[in-house]
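For clarity, chains are labelled A, B, C, D, E and F in written order, and residue numbers in each chain start from 1.
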Amino acid sequence: MKEAYKIEIITEKRAIGQVIDIIEKYGVTGYSIIADVTGKGKRGIKHGDDLNDVFKNSMIITVCDNTEAENILKELRPFLQRISGICMVTEVKYLVQ
Amino acid sequence: MNVFELFQNFLNPPVLFFFLGLIAIGMKSNLEIPQPLPKFFSLYLLFSIGMKGGAELHKSGFNSSVIAVLLLAISMSALIPLYTFFILKRKIDIHNAAALAATYGSVSAVTFITAVSFLQSNQMPFGGHMVAAMALMESPAIIAAVVLHKLYFKEENTLMETSLTHTIKDAFTEGSIVMILGSLVIGFVGGEKGYEAVKPFTGDIFKGVLCLFLLDMGLVAARRLKDLRKTGFFTLVFALLVPIVNAFIAIGLSKLLNLSHGDALMFTVLCASASYIAVPAAMRVAIPQSTPGIYVSMSLAITFPFNVVVGIPLYYYIIQYFI
Amino acid sequence: MNVFELFQNFLNPPVLFFFLGLIAIGMKSNLEIPQPLPKFFSLYLLFSIGMKGGAELHKSGFNSSVIAVLLLAISMSALIPLYTFFILKRKIDIHNAAALAATYGSVSAVTFITAVSFLQSNQMPFGGHMVAAMALMESPAIIAAVVLHKLYFKEENTLMETSLTHTIKDAFTEGSIVMILGSLVIGFVGGEKGYEAVKPFTGDIFKGVLCLFLLDMGLVAARRLKDLRKTGFFTLVFALLVPIVNAFIAIGLSKLLNLSHGDALMFTVLCASASYIAVPAAMRVAIPQSTPGIYVSMSLAITFPFNVVVGIPLYYYIIQYFI
Amino acid sequence: MKEAYKIEIITEKRAIGQVIDIIEKYGVTGYSIIADVTGKGKRGIKHGDDLNDVFKNSMIITVCDNTEAENILKELRPFLQRISGICMVTEVKYLVQ
Amino acid sequence: MNVFELFQNFLNPPVLFFFLGLIAIGMKSNLEIPQPLPKFFSLYLLFSIGMKGGAELHKSGFNSSVIAVLLLAISMSALIPLYTFFILKRKIDIHNAAALAATYGSVSAVTFITAVSFLQSNQMPFGGHMVAAMALMESPAIIAAVVLHKLYFKEENTLMETSLTHTIKDAFTEGSIVMILGSLVIGFVGGEKGYEAVKPFTGDIFKGVLCLFLLDMGLVAARRLKDLRKTGFFTLVFALLVPIVNAFIAIGLSKLLNLSHGDALMFTVLCASASYIAVPAAMRVAIPQSTPGIYVSMSLAITFPFNVVVGIPLYYYIIQYFI
Amino acid sequence: MKEAYKIEIITEKRAIGQVIDIIEKYGVTGYSIIADVTGKGKRGIKHGDDLNDVFKNSMIITVCDNTEAENILKELRPFLQRISGICMVTEVKYLVQ
């Protein structure tokens, strides 16, 4: 078991590609995506009922180390402010393959 | 066609299913067409009219009048944002003004499809190139609105600035546009024979699928109506008046170009309709400061039902008597 | 119709696909109709019979005998829970007794639809109002069972008590009921012309969709069968006997009311069938202490296959010789 | 980054509206929903294979502060007991928009 | 059939939609057929050809020549892995050699289905038993490849070793195989009458659904193409040559057995096609060390399009002139 | 509230049955599954776009006590190595029904 950071990001489904770009930029090579998440936040309700994923979120989970986490978070903040979404960081124990 | 017949549009099944959707949400029913089926129906409908339009274009061929209509369609899509943007800028913030300008310049495929089904019931043909017109009208409005937004809004935060070329690229690679253009070309290449092979799927069951799709549209529109309570009276008036103004311009131009009644109706419906698929998708990237709760709601919960229930038969009536 | 023909029902594709589902789970196959398609098929089937029933009602119109059948249907739905509740109360806890009473008083749309397909194969018509009867029989049983439960169970924990009016409201806004009633009304309003336009979708491909839907039902029923191992022998007997008893009552009443053979069969099937969509949904809110693993499993894994394989042809046989 | 509590609730899909009511009652304005979750618990297996979401769960995630969390949890306990489901609370670092 | 007609296959709508999918990914469009619809279409297509094959088998009946074809089909499925494994073992690791051997010995249902649609357009019949041949060819290759893998690879880690019986069981309970075999049996039992009832669903709309399914296949194949950049030139040559070799063997055997042109084409297509549903699923359990990114990509992104665009018309051309 | 461990496992969708077997072997009776998860890891991208769930993951969440967690993790490691996937463990507060 290794100590690591789990970053969970919920943002607009259409913006998930940009989040992946940010993650990969800092060398993290693994992530998981839950494609369809609905919800409510500052920008109102996302029912997930539209035809073009504008009213729908996705969740992306990535486990990484401390430096990677810090880099990602720094770049994520203006992104989430501009687009939409939240980010949570948790300390986890990680089973290394 | 008299007033009674006009009213008949209201009574045809697809439109009634739209109202069933509104009523279901009003009753707080949990009725829903589960995702991703509505998304699939929308692809199916684009596929169907694309194949049909392409096959008809194969028969009729291109000629100068077809080219003229297509150029006119592109121009209308690019010009409507111009006049609407300056009206809107006085009343609402510049981001939503640009997004709304794009919304009303671009087109609604479902309104177009409902008009197709309306013309079918009235046994009136229209040219396959009108499908091409629809596909070509989606993007110019987006580009025009983004240009206007860039001219009038100097952004400090250049971190994630989206270039105009990026917007243009996005506008042409959006799934719904690739689907309609692709089907149109394949329908054109396949001709009569290709179309016959897929007709039981794209043609025969079309109206039944449209019922279920409009049911879903009713459910979604009713949910969006709540968002509109917050926006003012102005947006309501705008969402009802602009389609009428655009329709009148379109009818006038149709007369000038001597379009057939069917083509004139389709062109009018395109100009009068407001986008709620391609435009919101583009705006989230190009103008993320805009609020989809405003422009999607106006387009979907006001302009769309207005066009489907009142607009289409009204424009049809006017076209028959004045062209 | 002789015994050989009776047996033929077993051999028609939709029923055989139900068995394919059972076998697939028995073999531990990973065959599945992925969600939400089964849910969509169920909406499609309700849409289809609603439109058809409405269009036929448009032709035949309402008359006193139609009203009589509808009132009788509502009464049966409300009365079956009464007698079953008191039988059940002696053997199982009051929560599940009430839930089961509702289950057997209410109806199964899919059993009804399988009977529609059975009558079609035998070229025997039935009245469009029987679809209305189906829609109207869903809720009275739920209300009756919740009233009984409230009478016999005094709850301490009033924190989240659900009022009766809440249950009644829920029973009428459940998605499946809004869909069937809505389609019925729209079919009625649209009449022959409206129906013709959607028939390739609602009528022609109906039986094919039913095959896939019953395949899914077989898969689900087989999974539920495991839950039943825990419940006793009594529930098994109940799930087989009650439909037969209700069917006999229904056949008697059909004779009294002089129903046509087609209408009599549909009425009988409604009384004999057990709900597994509307009732479990209502029970999770109104009587959350009840165990869906019991009543859904009985309804879906025993009563449904019994009715579809043995019941429908048996009732049909009896109706032909005794009415 | 703000310290916050992440509450994750898994309950019957049909009951998710009631959970939202509880959350919003205590002033939390953001939440996210994963609509389709299957599972197993005291009330048996939920295959997620039925037509009316009775054998299906949803998961709702909300990030909130300490007081909000306490209020929600107090009201959630009898609800989960009566209906079905579980609730987990984790301390997270939260990126504020 | 001349070269021009050969080229026509390229121009028929289903194949063109495959290319639309490739182009869409090339343009970085977000066009997609949302899951689980592609999965459902695949079930639908198996259901459709199963029912049709069964009904035709009902008409034609079994005879010694049918049995001979089925035995030949099973043998080819088991023998192709033998020769390919030893070629592959020299170039790539033993796990992927075995997986690729299984891939090319087994069959692709969609290639078969595209050939069905090709024969339909050319009004050439084929026997219902060829559907049975397809179903029976899925598994022998898997078993053969796993046996070879066990012979040549002595695993240290026996913790989760999968027994051969387990693999065999899995190979026969895989959803797609249960679906095709089940539909075949039900079609056979239902005969002409059963088939007529489902034909509007399984037959009439078939080609339309195939268009959308191949569109999805194009999207998926284009995504997989990227995986192939990493694998060498050898795999590319293998993915193009092996189908041709297998096709030639199959054409020779068809001549020996004196098969009809339709049956010969179907048999050839089966031998030339490569699995990308049943085999990858089996390999993840039986040989988890193998890399689906290699064998699925070769099968789906090279062999499948080759067969559909060039192979089918080419084999058809050769069969017409040499058998 | 009880202290407990939340184990989150992301692995191939087709292998989820084997993970459930491991969990149940050690007496844990509750788990939740999110059926469709895409992602990227050592074995490349899983687009979730195939017909047989080979390029698709699922996520399974189980809340259990310390001993259960240790047993599960010991057996999980070779499994994830052989098949594919990751495992994260977090300490949570758990609302007991």
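Heads up, the rule we're going with is that contacts are C-beta pairs under 8 Å (C-beta built on N, C-alpha and C of every residue); 3 or more make two chains touch, one makes a residue touch a chain.
Note that this is a predicted model, so its numbers are computed, not measured.
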### Task
Could you check if the interface between copies chain B and chain E is built from the same residues on both sides, meaning over half shared, or from different ones?
different
### Query
In terms of CA centroid distance, which chain is the most far removed from chain A?
C
### Query
From chain E, which chain is the farthest off, judged by mean CA positions?
D
### Task
Please work out the Cα centroid separation of chain C and chain D, and write it as a whole number of Å.
33
### Summary
chain A to chain D, mean C-alpha position gap in Å, rounds to 20
### Distance from chain F to chain B - Cα centre to Cα centre, in angstrom
45
### Message
Two or more other chains touching the same residue: where does that happen in chain B?
### Response
30, 32, 35, 39, 174, 200, 204-205
### Task
Identify all positions of chain A at which a residue touches two or more other chains, and write them in rising order.
14, 34, 36, 48, 90
#### Entry: Set of all touching chain pairs, with the criterion as stated earlier
A-B, A-D, A-F, B-C, B-E, C-D, C-E, D-F, E-F
### Task
Mind listing the chain A positions that touch chain B in their complex?
12, 14-15, 36, 43-44, 47-55, 78-79, 82-84
### Query
Which residues of chain C touch chain B in the complex?
35-36, 39-40, 43-44, 47, 51, 172-175, 178-179, 182, 186-187, 189-190, 194, 197-202, 204-205
### Summary
Per the touch rule above, chain C residues touching chain D in the complex are 32, 35, 38-39, 42, 157, 159-160, 174, 176, 219-220, 223, 227, 276-278, 280-281, 284-285, 288, 291-293, 296
### Summary
Contacts from chain D onto chain F in the complex sit at residues 10, 34, 36-42, 48, 57, 59, 73, 76-77, 80-81, 85-90
### Task
Write out the stretch or stretches of chain A touching chain F in their complex.
1, 4, 6, 29-35, 61, 63, 90-95, 97
